[in-house]
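Multiple structures are listed underneath, in structure tokens.
Shared chain: chain A. Partners: chain B in the first complex, chain C in the second.
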Partner chain A sequence: MILARILALAKIPIEWIELRTGAIAFSKPMLFHHVPRSAKWWYVFGSATLMFFTIQIVTGVCLGTMYAPSAAQAWESLRYIDEDVPFGWMLRALHGWSSTAMVVMMVIHMLQVFLHGSFKFPRELNWITGVFLLLTVLALAFTGQVMRWDQDAYWGLGIGAAIVDRVPIFGDQMRGLLLGGPIIGGETLNRFFALHVFILPGAAIALVGVHMTLIIKNGISEMPKPGAVVVPSTYRKEFEERMEKTGVPFFPDAVQRDMVFCGTCLIILIILAASFGPFGPGGMPDPTLIDTNPRPDYPFMWIFGAVSLLPPASETAIMLITPAIGVLILIAVPFLSNSGERAPSRRPGMVLVAVFVVMAIVALTYEGVTSPWSPVMDAWSSLATPAQFIKGRTPLQVQGAVVFQSVQCRNCHELGGFGGKRGPALDEISTRLSPDQLVRQIQQGGGNMPAFGKNLNSAQMSALVAFLGTLRPENEPDSKIPGANLPLPTSMSPPDRGVLTR
Partner chain B sequence: MMHLRVASVFLCAMLAIVVACERLPGAPKASIPVVVGSPSWTLATFNTNCRGCHSQGAEGAALPLVNPGYWKIANDDQITKVIALGQGVSMPGYLDENGGPFSADEIDALVKGMRSMWGGEPHDGNPVLPGTISPTLVVGDAVAGALVFESACANCHGANGPAGSVTDPMYLRLISDQGLWSAVVYGRSELGSPPWNSPMPNHPNGLTPTEVADVVSWLATKRTQ
Partner chain C sequence: MNDNANTPEKKNGCAGCGCGEGNGAPTSRSDARRGFMFKLGAGLLGIGGALAAIPIVGYVLGPARTRYKNEWVDLGALSKFPGGQTRFATFLNPIRQPTDGDSAKTACWVRCIESGKFQVFAINCAHLGCPVHWFEQSKLFMCPCHGGVYYQDGSRAAGPPPRGLFEYKWKVEGGKLLIDAGRLPGLEESA
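Moving on, here comes the complex of A and B:
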């Protein structure tokens, strides 16, 4: 009885508002519009992306109340948020991990739409607004990385500016526009802050609005069935008839799955944030610190890998043209084919394209994370020569090991599994190169190795080659490669013979 | 009922996170300013800058520094000097004025820190034992040194000795007199090279300080530039 009274009372203000705004009438079709019965777990990724975006806005606004967008104070304010504000670090961790999660979820959503051919008539604009959303979100991720104002941010900006600078004719002006001047400075941070906090989120919200409106307008596509082709002239009528007959209301039928999936994502996000904490800030953004190993955030790691592996001559062309072509192709997807079969089994070529793109991104991301092309700058002074390479060696060979460390061979070459990966590991080098070949390689360099000829005196060279000559697996017979470890000429002096025969 | 249970489990988990917030693995460690001279600083500095060559046991190519026997004999002032200015062909100077990464105070702190970790009481005053790092090594008698080498060292370290020649001019060009001195005195037991005071052929009680000086002087005469 009382409950009914309360409900009746509550109705009065609701009706008052409804009469003046029509809010309920407006939102009813959104909640109860019919979605295909076949729309099952494949259809949850878009909602999850939207959830991560909402988390970004909420945590971002909270961070905005504490972050100081000034070059002098940004880094310190992050330290303050991390260490002095209760839950501050958790807020940053959620913002950072949710950003990565949003990009990942968005790509999965896009792949699903691509594989199911859901971008075909009449949903071409759904796809295109999605492409622009992807670009906006990537821009948000990049500008967000700059907000940390640490070494990663500094060098990330440096590389971004260098890429822009390569644009013919307008390069200088464009770089000036990006950085707010010729160099990275306080102006740059303010510019990126405005982008990250006002312009890009505004654009993203507007795009999400358009994207959602189009979803309501065009409906959600059904699970693709082989043989069920899209014919633009009849599709809409038939789709609406099917929805009338077999569709289920979005609320509560489809929304349940969305909620379960989003809830799971949320829990995983919290676990990630709690276990791995916030991203950075790394070291202070000081361009004079060259002893740094800056990395971009995960969404850009594959670009870092790709750019590092490019042949230098092709850099300008590939860096400037490929992204433009990529975006154009993405936008063109629904125009290249907006009718016909949707089922992946009838579009094997498109499946191959998707698999190739995913594999390329995963492989390049792995390369970017491990970045084997970077030398380990402190390997020479921090990684001791392992005992197995010292034991049973002559004094000259041990001195060779000292030379090996002190002239920093280790920074690029592994020994015993530790060291740089830029050059080959040297654990078994004497099975591949004879002493003469070693001398030539060290002296003249080649194959990406600098020439050390002028930096080593003859004693250092003999000791080094004597040491390298001992590097082979135990019990390994002499090299099978012609020319390696040739028998010694008898004319060699005894100490040298000691070197070569170990 | 089911929903209530799920909700309460979720609430409990949230509560646990709230309570444990500052102890979660992701919580950033408070940025403790690095105290120059603290044990953790000393160890980190050693590991980054010295360990590549001066490690412990059989590891590392040059004289191991994680070695109480070394610290018992060596003198802090002289070690400081070697770190600051470098020595021989391979050891660079680590003082900022010489292009190194450390200020003089940091090098002092590093030596003190290493001594307190591995060496015990500081050793001051004049070298009483051979091997004390000294800028002006005691000059021995090279002629006598030749005899010492022949009787004590040549068995293993002669021109065709099984442990490898130490009279090889290439070897001698790479190692300073101090390096030779240290090699004779400390040896590298893990690699089978005994220290100066252990029994050697014809010298059951090891070498005397004079013999060490003599043999180093003789080896130095074999060096060609």
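Moving on, here comes the complex of A and C:
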């Protein structure tokens, strides 16, 4: 009785507001529009992306109240937020982890839409706004990395500047626009700050608005069924009829799965953030501290990998043109095929494309993380020579092992599984190269190895070759290449078998 | 638009301006005035917008202009750079803003070939700008990012760099080594 009265009283202000705003009439179709009964767990990833985006806005605005967007103070202010501000570290951790999660969810969402052919008529613009959202979010991730204003940010900007610098004719001007001047400095951080907190979030909010409006307008696509082809001339009418008959209201039938998934994601996010803490900041942004190993954040690791593996002769063209072609292809997807079958089983080529792209990105990310092309800058001074390579060797050979370390061979070559991976591992080098060939390779370089000729004296060279000549598995002969067994001028010989067998 | 204003059957032409189509028969006189007002408004907004755009575009595109000039920077006494050696040196960038903080600091490698003859290399790898390290023992510069390697004279030894290390112009004045430094070295650099 009383409850009914309270409810009746509560109705008055609601009606008052409704009369003046039409808010209920406006939101009703959003909440209760019919969605396909078949839209189940595959359809939760877009919602999760949106949830993470909301978290980014909330935590981002909070961080904006403390962060000092000035190259002189940004790094310090992050230390302050992490260490002195209550929950500051947690806010930064949430912002960082949620950014990664948003990229991951967005990519999964995009893959689902691609594999299910949901971009076909009439949802071409849903896809295209999605592509622009992807670009915006990646740009947010990159500019966010700059906000940390640490060594990775500084040298990452240097890489960006060097790539832009390669643009023909306008390279220098474009680099100036990117950096906000002729150096990486205060103006650089501030323009990335403006991008990160004003321009890109504004663009993302606008795009999300369009994306959602299009979802309401075009409806959510059904799970693809083999044989259920999209015919643009009749699709919309038939789709609306099916929704009328068999659809379920978005609220609460479909939204419950979104809620379960988003809730789970949110809790996992909080656990991740609380356990692993914020991202960076890394070393101080002082470019004279060069003992640094700049690496991009994970969303860009595959680009870092790709840039490293490109053939030097064509890399400028590839670096500048490929991104544009990639974006154009993504935008073109719904125009290349906007009708017909949607089921992955009837579009094996498209499935193959998706699998290939995912595998390529995963492989390049792995390459980026391990970066075998990079010399290990401190391998020569920090790694031990494995015992099996010096045990029972002559003084000359042991001296060679010392030379091997001291002239930084180890920075690019592995011994016993440790060292740089830029050049081949040398554990078994004497089965491949004769002493003559070793001398030649070391002196003249080649095959992407610098020439050491001028930098090694003859004593160092003979010791080094004597050492390398011992590097082969037990019971395996040395190089069978003609000339392999000719005595060297320095009268050294391959190690005595008897010494090698313990 | 002007023609439409006086032809009632084409008056839909100004439906977009929100002038309340269909609220009674419009007279040709008010049609004419609407046409004039619309054009006046569009003109004023156009002129105002263009005027406002000049400073905004100029402000935004400003950094694209190369308005900064390098300056001679003192790297210190010649005694810091013994003959036959390559030494690390740092300086404050002459092109700097009050907000730059540490990022205005810059590093370089100074190679003294023999007394009075120098090569001063930018710290930035010619590939993608990462900081190169000098290794005295092997007389090589190595880059930690993509594996660029250079010989002691700065020429490319291995890896992806398209050219040798960038070099600063140098001169000796009053027993001190000066270099012509400023903008972040890039492909515009000659040597």
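Brief remarks follow.
The criterion applied here is as follows: the second predicted complex is superposed on the first by the 474 of 502 C-alpha atoms of A that agree within 3 Å, B and C clash if a C-alpha of one lies under 4 Å from a C-alpha of the other, contacts with A are read in each partner's own complex, and residues count from 1 in each chain.
The criterion applied here is as follows: a contact is a pair of C-beta atoms (placed from the backbone, for glycine too) under 8 Å apart; a residue touches a chain by one contact, two chains touch by 3 or more.
Not measured: the values here are computed from a predicted model.
When the shared chain is aligned, no partner comes close enough to touch A:2: not chain B, not chain C. Once the two complexes are overlaid on the shared chain, A:336 sits clear of chain B and of chain C alike. In the superposition on chain A, A:462 makes contact with chain B only, while chain C stays out of contact range. Once the two complexes are laid over each other on the shared chain, residue contacts for A:406 go to chain B and to chain C alike. In the superposed model, A:169 lies in contact with neither chain B nor chain C. When chain B and chain C are set side by side, the one touching more residues of chain A is C. Comparing the two complexes, residues 380, 406 of chain A contact chain B in one case and chain C in the other.
By the touch rule above, chain C contacts chain A in their complex via residues 61, 63-66, 68, 88, 90, 93, 95-107, 123-124, 127-133, 135, 137-140, 142-147, 149, 151-152, 157-162, 182-184, 186-188.
Touching chain A in their complex are the following residues of chain B: 17, 21, 24-28, 30-31, 47-53, 55, 57-62, 89-92, 157, 159-160, 163-166, 168-171, 173-175, 183, 190-192.
The touching residues of chain A, counted against chain B in their complex, run 79, 82-83, 86-87, 89-90, 93, 270, 273-278, 378-387, 390-399, 401-406, 410, 457-460, 462-463, 494-495, 498.
Those residues of chain A lying in contact with chain C across their complex are 70-73, 154-155, 158-159, 161-163, 165-166, 171-177, 179-190, 284-288, 290-294, 307-308, 310, 312, 315-316, 373-375, 377, 380, 406-408, 411-412, 422, 445, 448-452, 454-455.
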